[in-house]
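Dropping the structure in here first, questions after.
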Amino acid sequence: MNEENLRKLLQKLQQGGCEVEEAVQAIAAGERDGLSYACLDHQRQQRTGRPEIVFGEGKTPAQLVAIFSAMLARDGMVMATRVSPEKAELVTAAHPEVVYYADAMMLVSKEPQEKQNGGVIKIISAGTSDLHVAEEARVTAWGLGNKVDLINDIGVAGIHRMVHRLAEIRKADVLIVVAGMEGALPSVVAGLVSAPVIALPTSVGYGTGLGGVAALLGMLNSCAPGLGVVNIDNGFGAGCLADAILKVGEKKK
Amino acid sequence: MNEENLRKLLQKLQQGGCEVEEAVQAIAAGERDGLSYACLDHQRQQRTGRPEIVFGEGKTPAQLVAIFSAMLARDGMVMATRVSPEKAELVTAAHPEVVYYADAMMLVSKEPQEKQNGGVIKIISAGTSDLHVAEEARVTAWGLGNKVDLINDIGVAGIHRMVHRLAEIRKADVLIVVAGMEGALPSVVAGLVSAPVIALPTSVGYGTGLGGVAALLGMLNSCAPGLGVVNIDNGFGAGCLADAILKVGEKKK
Amino acid sequence: MNEENLRKLLQKLQQGGCEVEEAVQAIAAGERDGLSYACLDHQRQQRTGRPEIVFGEGKTPAQLVAIFSAMLARDGMVMATRVSPEKAELVTAAHPEVVYYADAMMLVSKEPQEKQNGGVIKIISAGTSDLHVAEEARVTAWGLGNKVDLINDIGVAGIHRMVHRLAEIRKADVLIVVAGMEGALPSVVAGLVSAPVIALPTSVGYGTGLGGVAALLGMLNSCAPGLGVVNIDNGFGAGCLADAILKVGEKKK
Amino acid sequence: MNEENLRKLLQKLQQGGCEVEEAVQAIAAGERDGLSYACLDHQRQQRTGRPEIVFGEGKTPAQLVAIFSAMLARDGMVMATRVSPEKAELVTAAHPEVVYYADAMMLVSKEPQEKQNGGVIKIISAGTSDLHVAEEARVTAWGLGNKVDLINDIGVAGIHRMVHRLAEIRKADVLIVVAGMEGALPSVVAGLVSAPVIALPTSVGYGTGLGGVAALLGMLNSCAPGLGVVNIDNGFGAGCLADAILKVGEKKK
Amino acid sequence: MNEENLRKLLQKLQQGGCEVEEAVQAIAAGERDGLSYACLDHQRQQRTGRPEIVFGEGKTPAQLVAIFSAMLARDGMVMATRVSPEKAELVTAAHPEVVYYADAMMLVSKEPQEKQNGGVIKIISAGTSDLHVAEEARVTAWGLGNKVDLINDIGVAGIHRMVHRLAEIRKADVLIVVAGMEGALPSVVAGLVSAPVIALPTSVGYGTGLGGVAALLGMLNSCAPGLGVVNIDNGFGAGCLADAILKVGEKKK
Amino acid sequence: MNEENLRKLLQKLQQGGCEVEEAVQAIAAGERDGLSYACLDHQRQQRTGRPEIVFGEGKTPAQLVAIFSAMLARDGMVMATRVSPEKAELVTAAHPEVVYYADAMMLVSKEPQEKQNGGVIKIISAGTSDLHVAEEARVTAWGLGNKVDLINDIGVAGIHRMVHRLAEIRKADVLIVVAGMEGALPSVVAGLVSAPVIALPTSVGYGTGLGGVAALLGMLNSCAPGLGVVNIDNGFGAGCLADAILKVGEKKK
Amino acid sequence: MNEENLRKLLQKLQQGGCEVEEAVQAIAAGERDGLSYACLDHQRQQRTGRPEIVFGEGKTPAQLVAIFSAMLARDGMVMATRVSPEKAELVTAAHPEVVYYADAMMLVSKEPQEKQNGGVIKIISAGTSDLHVAEEARVTAWGLGNKVDLINDIGVAGIHRMVHRLAEIRKADVLIVVAGMEGALPSVVAGLVSAPVIALPTSVGYGTGLGGVAALLGMLNSCAPGLGVVNIDNGFGAGCLADAILKVGEKKK
Amino acid sequence: MNEENLRKLLQKLQQGGCEVEEAVQAIAAGERDGLSYACLDHQRQQRTGRPEIVFGEGKTPAQLVAIFSAMLARDGMVMATRVSPEKAELVTAAHPEVVYYADAMMLVSKEPQEKQNGGVIKIISAGTSDLHVAEEARVTAWGLGNKVDLINDIGVAGIHRMVHRLAEIRKADVLIVVAGMEGALPSVVAGLVSAPVIALPTSVGYGTGLGGVAALLGMLNSCAPGLGVVNIDNGFGAGCLADAILKVGEKKK
């Protein structure tokens, strides 16, 4: 029962149009049907501050087109991750306003409006092979209205490359550090900056890389505190977390 | 070589007090001794915004007493994690101003100064068995000058307990959600709030809990975005990450 | 040797039609050939209360057609799981009465007869990607003569969706809760209902999902008791277990 | 806001003691504070049909005594699992009516009332080393008011022992089959009975037994359908699941 | 019902001492009580050719004494593995004829009678740290009446030691090759002999030895065929398998 | 240097045809070139009692044709495992006497000569999906000159099928028991027979079957002694081990 | 800022061409832009003694062509690993001087100049299936200017093959020993030589080979000291390590 | 049979003191007893260039005393690793010339003679908790006659500490880099130096550190080539490998 209906019911009661017991039962029934509107019955954006983002893997092109139709009508802003080029072509044919970001394998329904005075997210990737994952993080965070820079290919095999750009890195409000193989870059970075570091392991590597598990373990066991780790290849999750962190700053202003 | 000394050297050169070659060698030597002051030669607090926190495990009481002596003289604020009661007794005997927080197994040298207008960290734990880990997170974050609340024992086995306190939970600027066993609580919470959620798995459980690995995997695979995960039982890391996230907000003010 | 034949043999002995030693050898031989009829020599349906269900994976279309021919003649009711569309086409061409359920990837030889006054199985799936597995469970349980409802897409990333339908969920006699990724939904549900919950992990996810192992571990380590777990993607096993549980109720009537 | 308070508020509104808008806000606020009473605010026993059972591991004797004091006053029936003999002695000293079942390592506050006409749970254990776990399952299920039989030491190393008692086993309404090492017994039993089988792996074994993981995998991969598996050594969970299954039968009567 | 009793029953029937229906029921009942005598109702020694050997781990001294009392009366020959020195002292005090083999941690009730013209088992261990496991294999096989030699400390770190004794090794009818760490010795031996090789991994090692898993994997992946592997530290199993293999030879004579 | 050449050299020395030092150097050189003929310089068949069997996987058809050409010339009997139908066609085209056994995926150069009075190997497989692996074991053992029987599809899901054929199974001198999924069949069989049992796990299964690891663990942790385990899907290894075991018996005759 | 530029700046200051503050800022800026020249600002070859070697996997042919263009212009010597034949064809079409080594799957821009009086690397592989990995090691080490020999197919299944060539093996300055399956060969070799042994596990094998993990564990747990292990299939890393080790010898001359 | 004895035998033959056939048999017998002296019959020090070093773990004090007695008489130089202080006290009481290095947990029989003009090994450890392992490497390498420096506590959490000492690090001929937790230090160092780097993972850490496996994986997956990895906590192996590498340089001089 939403507030509007509740108000009407109470007015009716006030005006003698129903009995107290009837009203008690009606309100209780409304609650029984769902969670009370006041705490949970919000749309996702109200609950978590983010629009829902569609996970494209395992959905057919037809399903994706239908979801975009429904969500574009309702929300305006729609994004989808893990969309193959073939599926993307079909969706953008049906919805010409939707743009496909091929490196990120993402669809975005319209240019996001960049927040005024928001913080800056910097994404650092260890190698060019990590680029797809870094791009998923970048487009996600940018699509949510944030300013995002990407610094590519400065892994620990030549640590001087990272040190070289340290002044620039230190300007970030939040860092996403992307690495496969041994996953050491986030540890090194986190030891040198004060911003929170989101460690994003990738499945790049072979042999005992175990599809990214070695990188993940490296990040979880970092001797540098101030790191939060997300799932392997989960650029989307890293982008959302960076967005949530920047919102803390915005709320405080 | 810091800027002050460099300036003096160059003035000396300008005034004919030394030769060009001598100056070249002195500057090069200074660089050889350390990283150039401009980018790396800060103390840790300058680099990462946090004092160093001593890892007490595997250190003898004598080593701990000595480290506290040295650091108290230099920094004033000293903290140590994973200190057993036996060791703590010896350290506090030598340094009476140091206080032992038994549940957190931490030593703290003095009451931290709470930041004015800082954000609020809320720590939610799934069960009372997770309390030690939650307390390590709490004392760490509090010792770094943050306001921290702890909400205990509201795990998913009775999800209504968490929903019951949702309004309170939503007031947090950053959340640390602590859980062992199946580690589901952070996912449920992250689906209902807009604040960033730090997921902190504990080794509580048995059998296929695998010492916390089941909880960790649950958190990494969360279908709710906006989660950053730390190592199993790593309350210290979670506290530092929460502190780093709140600093983003402070910088923006 | 079944009871009928035994009776005939003993009558023959009683009437002098054979010698004691001949009878001893015949009975011993009968036992040697198989387990004694009294305890083991039933057909599967008698032993376990369920017809055999064919595992279609790794069988050629020709083998499947032959198996269906043999079993249709003998049992009337035949089901097969994990049958690809290509194989299904060949089997249904040969046996036009057999129907292919594409989402479940199952073949069923005829509409099952729904039990009168039987209990209700409800299957809850966390996401649409888990649908194939949920459907295998649904068709299996339905094919065994049970009433089955399917409630789709109410995972923990938005727990309010599940709470919303709690009254409906509580009407189930047995619940099958299907989830991939972190596998938290069965724990949350089991904490809110009194019916037995069958937890069915799926291989949906990526990275540390480890092909469903993360979901499985989440379910095995559930802090909510009253859960029984089946193998990853094993909708068939979940359907059979639900059927076995409902039979307990039927026996008691 | 519970029904009583809601009724008072609406009477006040009806009698002109407050405005409609005030009442709207009050009701909304009440909902914001907790989940609506109608769907979730039950006691655990109402929600899940089982009293809460205390997990004794990691709790101090003092905590256990206090919990028993509180729960005995409220619920009458209290049980605790994983209580060491030392802790048990202190609890039973404080609460003389509480009995310690040493093999099960459980405390039970009073003899449960056995249900009339309830089903029968049979627990089968593969070896005497599995007895502690089997006993935890037995006392849990018995404490919840069920009739439980225990058949010990009939593992697959001599399968004739199990076959020997098959007629007896087939009389069970629910079976809990306990096994360590290779965990094959539940598969063998499930292929011979129609009752639902709860497979309970134990950590008995060495080497590649991996603390029960080998037994667990054996049970999850059983080629016999109709099995539900619980965590390693989780006799408590198996007992609760058996109880939940028998309730299905009771409801139907 | 054994053949003797069956014969008596049928004679009674033949002589009119009972009715056909009575006899049918009696035979069926006999079968219901156990497996028919013809195929399964043997004692273990008859079924598997080996006396039962008691697994001492997890049994109390009192239980062990009782088991020895019962089995000594019935079988004469009794063995127990994994018996600690403390337990052994109590058992040998109660049964002075029982001897404790401390290196093997085994109890044996009497000197076995060595088979005439039996084959020879040779046990090769890679290092002295593997000796406990090798001894368990040796005493088990010897206790079952076989001739067993033990060649110690000829691991692959100095392969010449093994090659040095190759002529001797080649005289074995069955080989048990014991190794921890990388577990390479069985592969090397199996490439040089024609006898069957039982590979027995031990938990000797550290780090990535993973408690014997590295050695086990080494043996399972051996590029030399003709190897059968047993569980980590399972000297008992290796001894039994060697005994079973030698029996093949004896049967043929 | 073989014995013949050594003899000639020494005769030459005896007859004054060379100097002592020359002979010393020649003998030393011969040893340096290879292992001394007395212990190691045999052909494989002499060393291990088995011809080399070619591992076809990862070899090109051309390589296989060449290897067969070389080995046919030298040994007469040649076998190759893991040969795909495509490769087999090319090899049999080049060497028409070679026969392809498609179920086993093996090439065999000629009918082996069955040993007179040799033992009998029986191969038992749990399910028809295990047939490929069982066939590799069968053709290997048969190709080495043994008598082999195959009993298919008697897994533990209906244990009565195995008990039914127990008398037949007990006639084996060596058993190879093949099973995927939970891998319980070898344990059950080994508890009922006196012959050595070779446990052969297959990768049949899904989910937590982990490509055969669950079956392997089940076999390694068997509570029935007298089992030797080979690698997953390693029918070739099982066949060779069975052959080696039967040779023990033959040697004794 | 390199020493030359620093010198010029200081001369300018000395000669009054700039102010002290300007010089301070210029030097600080130089440091801020990169690491100080004294410790880190070398090219890779200067830092690590090796040219960069391109990792071809996951790069498009166009990217590879571009990288070769850039690096050929700058360095003369360029190598790339893990280049498929298809990509290689496109690169060699664009850069005809580049040669493709198909077995090694590597591109090399020109014949390396073999070092005078350098040491000898010998690469030993256990089986022909390991050849691709061995070849990657060989071409890498050879491309870096070393003398390399390859000894193929002398695995432990017939250890006499290795012993046969021991004199030759002992002439190596550094050994790379390549093995899949159980990975025992490096242990055996390391026990017989004084040269450092680089153990290179391959993913050759099946079942519990776990894609090379079994071989890797075998090498890490070797009971023979003096082994250094590289990642599974990492011929490139082994070649670089061998090169680095030989440089130790060269430096000393 | 060694060369001296062979010579005598041939002289006897030449002088008619024995027959050709007798000599043939004697030579063959000598070869049968061992490997021919020419290739394998060296002492360990001759074979591998290192004295045998005793592994103290799992040996009793009495065994250690006896081993030292035997080896001191024969070799002069004796070392033992993993000796607890209690055992060390007993050995040094019996052999007063033996010195116990407590941090390394090693016994060394006498000061080694440092090689003239040998190379320099530098050992870098990430944290003080890694010191025990670093010390085992240091004493091993020093005991083998090498010059060894130890640089402690310069892990990646503050990478500037390592960069600070880079000039010093670059003077090493061989580096051993010791790290637990995420194990990133060897990668960072290997990217900055030309010397071979031995990566030595330690079991320092908790949670997902998995007893050193995370550090090990980090090192095996290093994106910097030129690394060789040893087992977790295997300081002894690292010391031996460093010694073997330096010998390459020495041979070349």
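Note that the chains take the letters A, B, C, D, E, F, G and H in the order they are written out, and that residue 1 is the start of every chain.
Throughout what follows, a residue touches a chain if its C-beta (ideal position, glycine included) is under 8 Å from a C-beta of that chain, and two chains touch if they have at least 3 such contacts.
As the structure is a prediction and not an experimental result, all values here were calculated from the model.
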Subunit D and subunit B - chains in contact with each: A, C
Shared interface numbering between subunit E and subunit D [over half = same, under half = different]: different
Equivalent interface to B-D, taken from D-E, B-C or F-H so that over half of the residue contact pairs match: D-E
Centroid spacing, where centroids are CA-atom means, of subunit C and subunit G in whole angstrom: 56
Centre-to-centre distance between subunit D and subunit C (centres being mean Cα positions), rounded to whole Å: 25
Approximate Å spacing (C-alpha centroids) for the pair subunit A, subunit H: 51
Length of the line joining the C-alpha centres of subunit A and subunit G, rounded to whole Å: 39
For subunit C, residues that touch 2 or more chains besides their own: 32, 35, 39-40, 47, 158, 160, 163, 167, 190-192, 207-209, 213, 216, 220-221, 224, 231-232
Which pairs of chains touch, using the document's own definition: A-B, A-C, A-D, A-G, A-H, B-C, B-D, B-G, B-H, C-D, C-E, C-F, D-E, D-F, E-F, E-G, E-H, F-G, F-H, G-H
For the subunit G and subunit F complex, residues of the former touching the latter: 128-129, 158, 160, 163-164, 167, 204, 206-209
Subunit F contact footprint on subunit C (complex, rising order): 32-35, 40-41, 44, 47, 55, 57-59, 201, 203, 211-213, 216, 231-234
Residues of subunit B defined as touching subunit A within the complex: 35, 38-40, 47-50, 53, 117, 119, 163, 166-167, 173-174, 190-198, 216, 220-221, 224-232, 236-237, 240-241, 243-253
Partner subunit B, residues of subunit C touching it in the complex: 126-127, 155-160, 163, 181-184, 187-188, 190-192, 205, 207-210, 213-215, 217-224
For the subunit G and subunit B complex, residues of the former touching the latter: 3, 6-7, 10-11, 13-14, 16, 20-21, 23-24, 27-29, 31-32, 35-39
